[in-house]
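Some structures to go through are shown next.
One chain, chain A, links the two complexes that follow: it is found with chain B in the first and with chain C in the second.
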Partner chain A sequence: MFEAIAFYLFAFLTIVMFYITVTTSQALYALTALAAGMIFISAFFFILGADFLGAVQIVVYSGAVMALYAFGMMFFDTTRDLKEKQGNKYVVVGLSTIAAVLVVLIFMAPIISENITALYPIGDGGNTQEIGMVLFTKYLVPFEVAAVMLLVAMISGIVLAGKKMDESLTLQSEEEINEKASK
Partner chain B sequence: MMEIGLNHYLVLSTILFCIGLVGVMRRKNLLMLFFATEILLNSVNIAFAAISHFHGDLTGQMFAFFVIAIAASEVAVGLGLLIVWHKRHNNIDLDTMSTMKG
Partner chain C sequence: METAYLIETVIKIVVILLVFSALAGIGTYFERKVLAFMQRRLGPMNVGPYGMLQFGADAIKLFTKEDIVPTNVVGPIFKIAPVITAATAFIAAAAIPFLPSFTLFGYEVNPIVSDINIGILYILGVMGIGLYGPLLGGMASANKFSLLSAARSAAVFISYEVVTGLSILAPIMLVGSLSLIDFNNYQIDNGWLIFSQPVAFLLFWIAAFAETGRTPFHLVANDHEIIDGFGTEYSGMRWGLFFIGEYANMFFISFVIPLIFLGGFGDGSVLGAFAFLAKMSFFFFSFLWVRAAWPDVRPDQLMWLCWKVLMPIAVINIIITGVVMMEG
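On to the complex of A and B.
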């Protein structure tokens, strides 16, 4: 009963927030609506018993990603209204619906056949403990690869948006860089 | 109706995915395009967590974690590139970057 109420409430809130995000012409409204939607999505994870995932969702999305976007928006002129593509609205909505339904069908087809068995069944320990056990035994290599990927992303972010804002390696020509290096 | 099953979550995930796709298709501003991609990734995460819960398998949650990691690095690299582009051309409209010459 309460699960149903929570599900419908958060489903409504999430859909409204994301609808605002994709339709508003103000970048700040879009950013705040997106952050609210992320928080509401973490509620689904808590309902589903994935406590650790919900906490990670709040920390990573509403914390790190939103802070990064807010930081990035300081560089852009967000006060002016955004221009939008003037396409046929019905074609866009229809194509999106068809594509989304197709994606869900493709991924659900093997699951609906009910032939699958749980590879790593959920035990009776806490959710965080179970995830730790699976993540650091069965998924250790993908975990390390993801760590290297995050490191690469961090380095590229530093190089691109760098500390010295007035002189950027990516904006200079080869000669300027060589000249600086020889000094 | 009152019993929430796997299908409810999958329908919700589909709706959110639709919203994200509409955003990707009709946005002209690249920052707004990034917001729409975040919506896409989040809707898939809901489906992963729901399947993980209703089939008693932790693999779905693992995939959701890696999706979150990919989303974080995508934002870092994408925003860096966006800042460089904005410094050069002083706008971030998609129509101005249709050619690939540096």
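On to the complex of A and C.
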């Protein structure tokens, strides 16, 4: 019973949060609702007994949305409403149709899912160990490829951002900074 | 069975909420007294004997002050930000065992709300969400200095979460579990982890100051701008909630450090429980001690310390631990 209550509560909260994210014209509302929605999703992992994935969902997305906040801070005055450009109407209609079809598919899924069994059901070892076993045996190659991709992204980020890293504005005197600015 | 479990859990949650809300208030009294004695002052003396009722006077002031929401702020976000800070601090406490299990009126009590098998990951993750409080408060305040402070605190938290996560990885490798109870039990047989992982202990302790936003990493509030950073526009109990969140976080981190590195509550005897509380008190005291002893570091020094000193040491520590474990 508690599982059902928790599921419907968090399902409702998640949908409301993502609805706010899409419809609001206020950047701060959208970002906050996105973060909240991502964190509420972790509840489903906890309900399903996948504790490790639930905690990872919290850790990863709370950090990832934080980066979006940084962009929000740089590009918008987040305390004002934004005027959004109304784009192509056909795109909106097309996307809505696809979304509707997806919803129908999702609701049909329970009928089909009776035939689905888990490939790697959780054993006695606890799901952290089980995830480790699967990740480092069967899915080792995708895992390593993802790691290499992240490394590439990190190095390119450092190269792009790190051009003037050895200069420190804090350590320079007022005259030095003014001299640089006047050049 | 299920009803009994539900009632037990609700009682535990209420007790933890009440105890730590009160402790957060009393913590401010301790902080003012400790700082005062270290700076050769007397601190609060007028309200009650030795100023011990000062906490009550502060609470009355916070509760009865007018709750001001300035004109240009983003109302709902501004109002929810302090709640996030306070709530996440207490949500994180769900996986912390505060005492060994004991028997009360013939009923065995486990003073932990939920012993999930990913305890540490959960605590660190939820404490990480706590940083949304200062961030949202600063961004919704329509105040340039609040915004600057919010950006700075976000940078500090994100950077130091890396150090926290990496430093704790080596002890996790040794114990082979993420549950704090398992950490405690491992240290009964194998000795305290501070002796086998002294580097990880120091790194985690240093990062704890950044995670809770305490001096010398107190960049969340702009002391050098003579205003209170992200909390500038807040007043009354909303500001008080930020305060409760900060102090509750300090207490919870002070519980987590001894659990991971200093043997926790040991084998569960009464002596072990008192020793655990003593260790916790020492780490809480260290937060106040450091504040009296050291000035704040500059933001660029903070980032230098995190990325060029602490993080490489943490990675090297993990590699050495791994090699030693493979040899052994």
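The rule is short, and it goes like this: the second predicted complex is superposed on the first by the 112 of 183 C-alpha atoms of A that agree within 3 Å, B and C clash if a C-alpha of one lies under 4 Å from a C-alpha of the other, contacts with A are read in each partner's own complex, and residues count from 1 in each chain.
In this section, a residue touches a chain if its C-beta (ideal position, glycine included) is under 8 Å from a C-beta of that chain, and two chains touch if they have at least 3 such contacts.
Note that the coordinates shown come from a computational prediction; the quantities given were computed from them, not determined experimentally.
Of the two partner chains, chain C is the only one touched by A:128; chain B is not.
Legend: residue contacts after superposition of the two complexes on their common chain; A:34 is shown touching chain B, with no touch to chain C. Judged by the touch definition given at the top, the superposed model places A:26 against chain C, while chain B stays out of reach.
Once the two complexes are overlaid on the shared chain, A:157 sits against chain B while remaining clear of chain C. With both structures placed on the common chain, the touch criterion links A:58 to chain C but leaves chain B unconnected.
Once chain A of one complex is fitted onto chain A of the other, the partner contacts of A:18 are limited to chain B, with no touch recorded for chain C. In the superposition on chain A, A:97 contacts chain B only, with no contact to chain C. Touching more residues of chain A than its counterpart among chain B and chain C is B.
Once chain A of one complex is fitted onto chain A of the other, the partner contacts of A:69 extend to both chain B and chain C. The residues of chain A shared by its contacts with chain B and with chain C are 52, 56, 69, 72-73, 168, 170-171. By the touch rule above, chain C contacts chain A in their complex via residues 6, 72-74, 76-77, 80, 116-118, 121-122, 124-126, 128-129, 131-132, 135-136, 139-140, 142, 147, 150-151, 154, 158, 161, 178, 298-300. By the touch criterion given at the top, residues 1-4, 8-10, 12-23, 25-29, 31-32, 34-36, 38-39, 42, 45-47, 49-53, 55-59, 61-62, 64-66, 68-77, 79-84, 86-88, 92-93 of chain B touch chain A in their complex. Contacts from chain A toward chain B in the complex involve residues 1, 3-4, 7, 11, 14-15, 18-19, 21-22, 27, 30-31, 34, 37-38, 41, 44-45, 48-50, 52-53, 56-57, 60-61, 64-65, 68-69, 71-73, 75-76, 82-85, 87, 89, 92-93, 95-97, 99-101, 103-104, 107-108, 111, 116, 118-122, 130-131, 134-135, 139, 142, 146, 149-150, 152-154, 156-157, 159-161, 168, 170-171. On chain A, the positions that touch chain C within their shared complex are 2, 26, 28-29, 32, 35, 39, 51-52, 55-56, 58-59, 62-63, 66, 69-70, 72-73, 78-79, 126-128, 168, 170-171.
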